[in-house]
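Chain nomenclature is as follows: A, B, C and D, assigned in order of appearance, with residue numbering initiated at 1 for each chain independently.
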Amino acid sequence: MSVAGNGNAPLRVGVIGFGYWGPNLVRNFAALEGATVTMVADRDAIRRKQARRLYPKTEVLAEGLALVTSENVDAVAIAVPAAAHYELTRAALAHGKHVLVCKPLACNGRDCDALTALAQRQARVLMVDHTFVFTGAVRKIHELITGGELGDLYYYASTRVNLGKLQQDVSVLWDLAVHDLSILDYLVSEEPSAIQAEGLRYVGQQDEVASVNLRYPSGFAAHIRVSWLSPVKIRFTELVGSRKMVVYDDVEPSEKVKLYDKGVALDQIDETPAKPVYRAGDVFVPTLDRTEALEVMAHHFLDCVKEGRRPLTDGRAGARVVRWLEAARHSASLGGEFVPLAPSGGSAGAGVRLDGE
Amino acid sequence: MSVAGNGNAPLRVGVIGFGYWGPNLVRNFAALEGATVTMVADRDAIRRKQARRLYPKTEVLAEGLALVTSENVDAVAIAVPAAAHYELTRAALAHGKHVLVCKPLACNGRDCDALTALAQRQARVLMVDHTFVFTGAVRKIHELITGGELGDLYYYASTRVNLGKLQQDVSVLWDLAVHDLSILDYLVSEEPSAIQAEGLRYVGQQDEVASVNLRYPSGFAAHIRVSWLSPVKIRFTELVGSRKMVVYDDVEPSEKVKLYDKGVALDQIDETPAKPVYRAGDVFVPTLDRTEALEVMAHHFLDCVKEGRRPLTDGRAGARVVRWLEAARHSASLGGEFVPLAPSGGSAGAGVRLDGE
Amino acid sequence: MSVAGNGNAPLRVGVIGFGYWGPNLVRNFAALEGATVTMVADRDAIRRKQARRLYPKTEVLAEGLALVTSENVDAVAIAVPAAAHYELTRAALAHGKHVLVCKPLACNGRDCDALTALAQRQARVLMVDHTFVFTGAVRKIHELITGGELGDLYYYASTRVNLGKLQQDVSVLWDLAVHDLSILDYLVSEEPSAIQAEGLRYVGQQDEVASVNLRYPSGFAAHIRVSWLSPVKIRFTELVGSRKMVVYDDVEPSEKVKLYDKGVALDQIDETPAKPVYRAGDVFVPTLDRTEALEVMAHHFLDCVKEGRRPLTDGRAGARVVRWLEAARHSASLGGEFVPLAPSGGSAGAGVRLDGE
Amino acid sequence: MSVAGNGNAPLRVGVIGFGYWGPNLVRNFAALEGATVTMVADRDAIRRKQARRLYPKTEVLAEGLALVTSENVDAVAIAVPAAAHYELTRAALAHGKHVLVCKPLACNGRDCDALTALAQRQARVLMVDHTFVFTGAVRKIHELITGGELGDLYYYASTRVNLGKLQQDVSVLWDLAVHDLSILDYLVSEEPSAIQAEGLRYVGQQDEVASVNLRYPSGFAAHIRVSWLSPVKIRFTELVGSRKMVVYDDVEPSEKVKLYDKGVALDQIDETPAKPVYRAGDVFVPTLDRTEALEVMAHHFLDCVKEGRRPLTDGRAGARVVRWLEAARHSASLGGEFVPLAPSGGSAGAGVRLDGE
């Protein structure tokens, strides 16, 4: 069986949803060598009109379910509200399409697992658009970690706040904290053992302000603060290790990642009791790949389809992040107590194997 | 009985502790019209030598307990580790001295209450040096709140991190979060009903990284993140209200407080369901009183002594903050669950009444 | 004669040049109610291909001169290198088209005057795309000046530096300082009486670093520093008045304009000699119109065409800016001495009158 | 003859002027191992009272000329207005004292030369307090230059503005630009060949806003903008070289110096005409020595006295900076034309040799 129809023909991509994120997906797949956007679906007539104006050669229809059954697409990218992710993804996989889903993969872990299993049975690529994983900044931090620059990881602390957009269907946790959880899933080689969260709402029907704490078996911990009610836009993360420390400020136009040669250690030889010794060395601001994250992501999706590889942000990654969000919601509903997390079923090393392997 | 010996004579102040904070107290009281620093005590010989060199006319001795019993002081300022606060303060009050204690007032709420009661019986001023309460920035924010500029308070979120100094005897909560708690005690007219905290340690014997959540009966909430292991110094607070929002950045050299005319409200008239409407107006950066906070604080202490007034940061304020710290520590020891807080015994309106009232 | 063919039909715009700036013009005119982009011209085949892909209904051709003679356009927007501005603009006006030209209007003042005169004879709109004049920031500063907030203007000082793009045909003065000159032309109600400049080149054939000083009859002065060789991007301007002071930082994502209630005055009553008295009050950060400047500019061009009004940045404004650039180049060639400027011929109040008045 | 009285005895320093800068000099010399402040002189009675209060063991008198003739001092530090520098320095050297003078050394180059010659005849150290030369930031930049990191130097551009303090006796050039000139004298191995300046005054009797351009034989150039009328405090310098570029922001609390691995070169091999190629690599933020500059300066003065060495900022350095200030003032008085500068008489390598050589 041929993965993408014909190895040399461009991958025919259909995009469901042409609201906020969908146009970005269309633009990137349309510009990608080796892919072409053949169909777009959206239930809103005005958006369909916009899609037709911008992409006159693309077939534009109303129903995503009609798109996923079309013979005219090899792969489907889904950019609709989370509640519809499971149904559309299931149908697309069932019809033999490769699928890229915007975060979160689905609304609960069980659905995520079912989609992962279905993708495996169908030998199709299932990938989640954890966009930040594909930014130059996060990939550089990953490189610093795996290169041992940071030493043992101590903690990750992130502030991700701004004014709006209050969502009707999901809380600020599922809207903003999901980014940090997907970054953590990529950067940290272990899984959290417990999660704690609290959420607050003042204006609407969903939590607008929240904090999350994650604990890991090694002692590593993560702290995330998110808000839709902050007057200023902040995207600021500290990642502290035993050897060096990283600051990642995504609002900065160019110097987003800084590596600090700083640390504290106990001087246990000379003194009783041991005395902390501080080290404050140079700061290094690495050049980052400035390619748009979505372009990198679209390229990776195409590569996985063409070469039958497992995506970096596959169904299992999507399932892990969704399970953490569920646990966070559960903790908040319990009044903020820590909720233990079971290790995810599959080992991170056991990738989906596609066609012919 | 005369409160300060003789109304016209300068208040004779003795300062116990000449390490990090003590010299600042001495410098400010020495410069204060109406006060004079007659004695300094420190157990460290090198510090005593420094004190003698800088203040040749001041009597310098080793033991704080000797200072508090001296006929040569009317008031005592205590700048030693927290463990010694209770004993020294008790002795000073017992000998009829007015007392200013560095934060925290004592190591537990019961000791704080005992000191407050003793001060009342002795008709002496007991004040805690909650320094931030006396800064131009925090006083301006108080003015904005009480003037109704912010509307209903939604939340306070503070980040207070830097590299070091790891303390041997107290955790980062008692060292850094105490500042936010004392600011909250001053700014917010209600008391928290529950507190949650978690602490993490990586290098030494005390928690070096922590987060705290406070909940208030009205729905107001506070979130505090503190760390001794961050590569950058951050002192950043959001205070969000229903009408306007404040950002307080204490690292900024001049524009520390910004008032944002921003907000979100549900437009419930025209639409079903209600749709959030965002307002993003002008920003106002008020001029701040740049007087050194310690000077304002020393002045206030002197005024309270001279006029028999209750200090803004009296023993009850000190007790409230200590009880919150105790509850935070308790929450962290329970693994991060919310701990309910009883309302403090006395009403905030019932001030200490001194001499002759 | 009808100005725009038919008052109700959309203005048919042709854009010459589809390199860096042209696509922005096309995008904005295409999105504008009341206008349609009927033609695009570019000599580069790859760019023509891009234009066809993005705008399938637009006629794309190679030669600008063919575009300006077409019956298919009412107005022409010119986004090609400066050397071709005069010829294309002249031809377009001669064929009865309204014209929008990117800065600078032409390569010398005489050509600018000729184009202005031709536009007047032809009763057509001639407008220069001095983009910054149409930003929310500069319009707000204009409002502060005309509202008297700043008092008498003392000086304007601007830093406009970054790395690249080294131009082959124009110096950094004509590439970057032109923005400040067009802003000054809009903000300041008098014309400069003398200009001084010096330029430096290190890598290529054009000056890459330059500074300019302008002097005005009232004592107002302007200072501009530009560079293509700076490691950081800076767009920072001070505008100091006798009453208040403005800082305009165009790199800031949101708080671009700050109004400082600061000043110095001599206290001449009480002392001999007079002693300076400093005033440091609040800072005000006004909300800015965030509409893209090019959209505002395109809208203004359309309005001027429809209503026969003189544009804010008409041919005379374009001529003034070009004459200042010529004088700056002359000063630099003389080794940096001040060059006097004659007042521009026409008064600023005598607008171009179009058709039927 | 012994340079400092007795090689092991501490250097007895007398400080003239106890206004703004004098107390800093006293504090640093008082804290310096190997020095002691024996005398302070100030004509103002209130300042003398302050000096007596802070330094009870130091002799305090009114007249500087009395101090320089005293047997009780080996060295004199002069922190009075510039107009008195020559007379006091001359007298001090004539009485065999080593002398440290605040910038500028004197009011004209001839006086500077006379003082330098006198110091040489008397075999005494004459040093100018060019404070910035002794900061960790400027010393690090010097190290980067001499280590070849920057390649050939292209230009130095500095902005040094704030609100106040308007001086009665000197212009903003002599008050603020002098810092940049002294930094340039230290950093750049060649001398400028021409200088241009213009000054503006709005409130008082001295120029309050000015810009300066320096040209060097190699093509290197410097640009300095200074103002007493800016609403914000800026201390920002670019130093651009052919290999790397430095940004020095002295307002930053910690990351003051950044080294950018950026540049532009013409790619002359492949193309006709040559095309600029941009390089944008990592940024490096070196750790800086945080010792207070005045402490380093005082230490260097003491070393020079003890070891008979020529100071880094000797009389010749002081003379060069004063000559540039004179030329800048001359250029401004001519309306801003470039004024040529003759090379300074002595070679930079020929140091003052003291005692016994």
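Following the convention adopted for this analysis, a residue touches a chain if its C-beta (ideal position, glycine included) is under 8 Å from a C-beta of that chain, and two chains touch if they have at least 3 such contacts.
Quick caveat: nothing in here was measured; it's all calculated off a predicted structure.
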| item | value |
| --- | --- |
| Longest centre-to-centre distance from subunit A, chain (CA-based) | D |
| Higher-contact pair (C-beta pairs counted), A-C versus B-C | B-C |
| When subunit A is superposed on subunit B by its C-alpha atoms, the rotation angle in degrees, nearest 5 | 180 |
| Where subunit A and subunit B are represented by their mean Cα positions, the distance between them in whole Å | 42 |
| Subunit A and subunit C, separation of their C-alpha mean positions in angstrom | 43 |
| Distance from subunit C to subunit B - Cα centre to Cα centre, in angstrom | 54 |
| In subunit C, residues with contacts to at least two other chains | 258, 280 |
| Sites on subunit D touched by subunit B in the complex | 56-57, 233, 251, 253-254 |
| Subunit B - residues contacting subunit A, complex | 154-155, 157, 159, 161, 163-166, 168, 196, 198, 200, 202-204, 209, 211, 213, 219, 221, 223, 225, 227-232, 238, 240, 242, 245-247, 258, 260, 262, 264-266, 273-274, 276, 278, 280, 335-338 |
| In the complex, subunit C residues that touch subunit B | 255, 258, 280-287 |
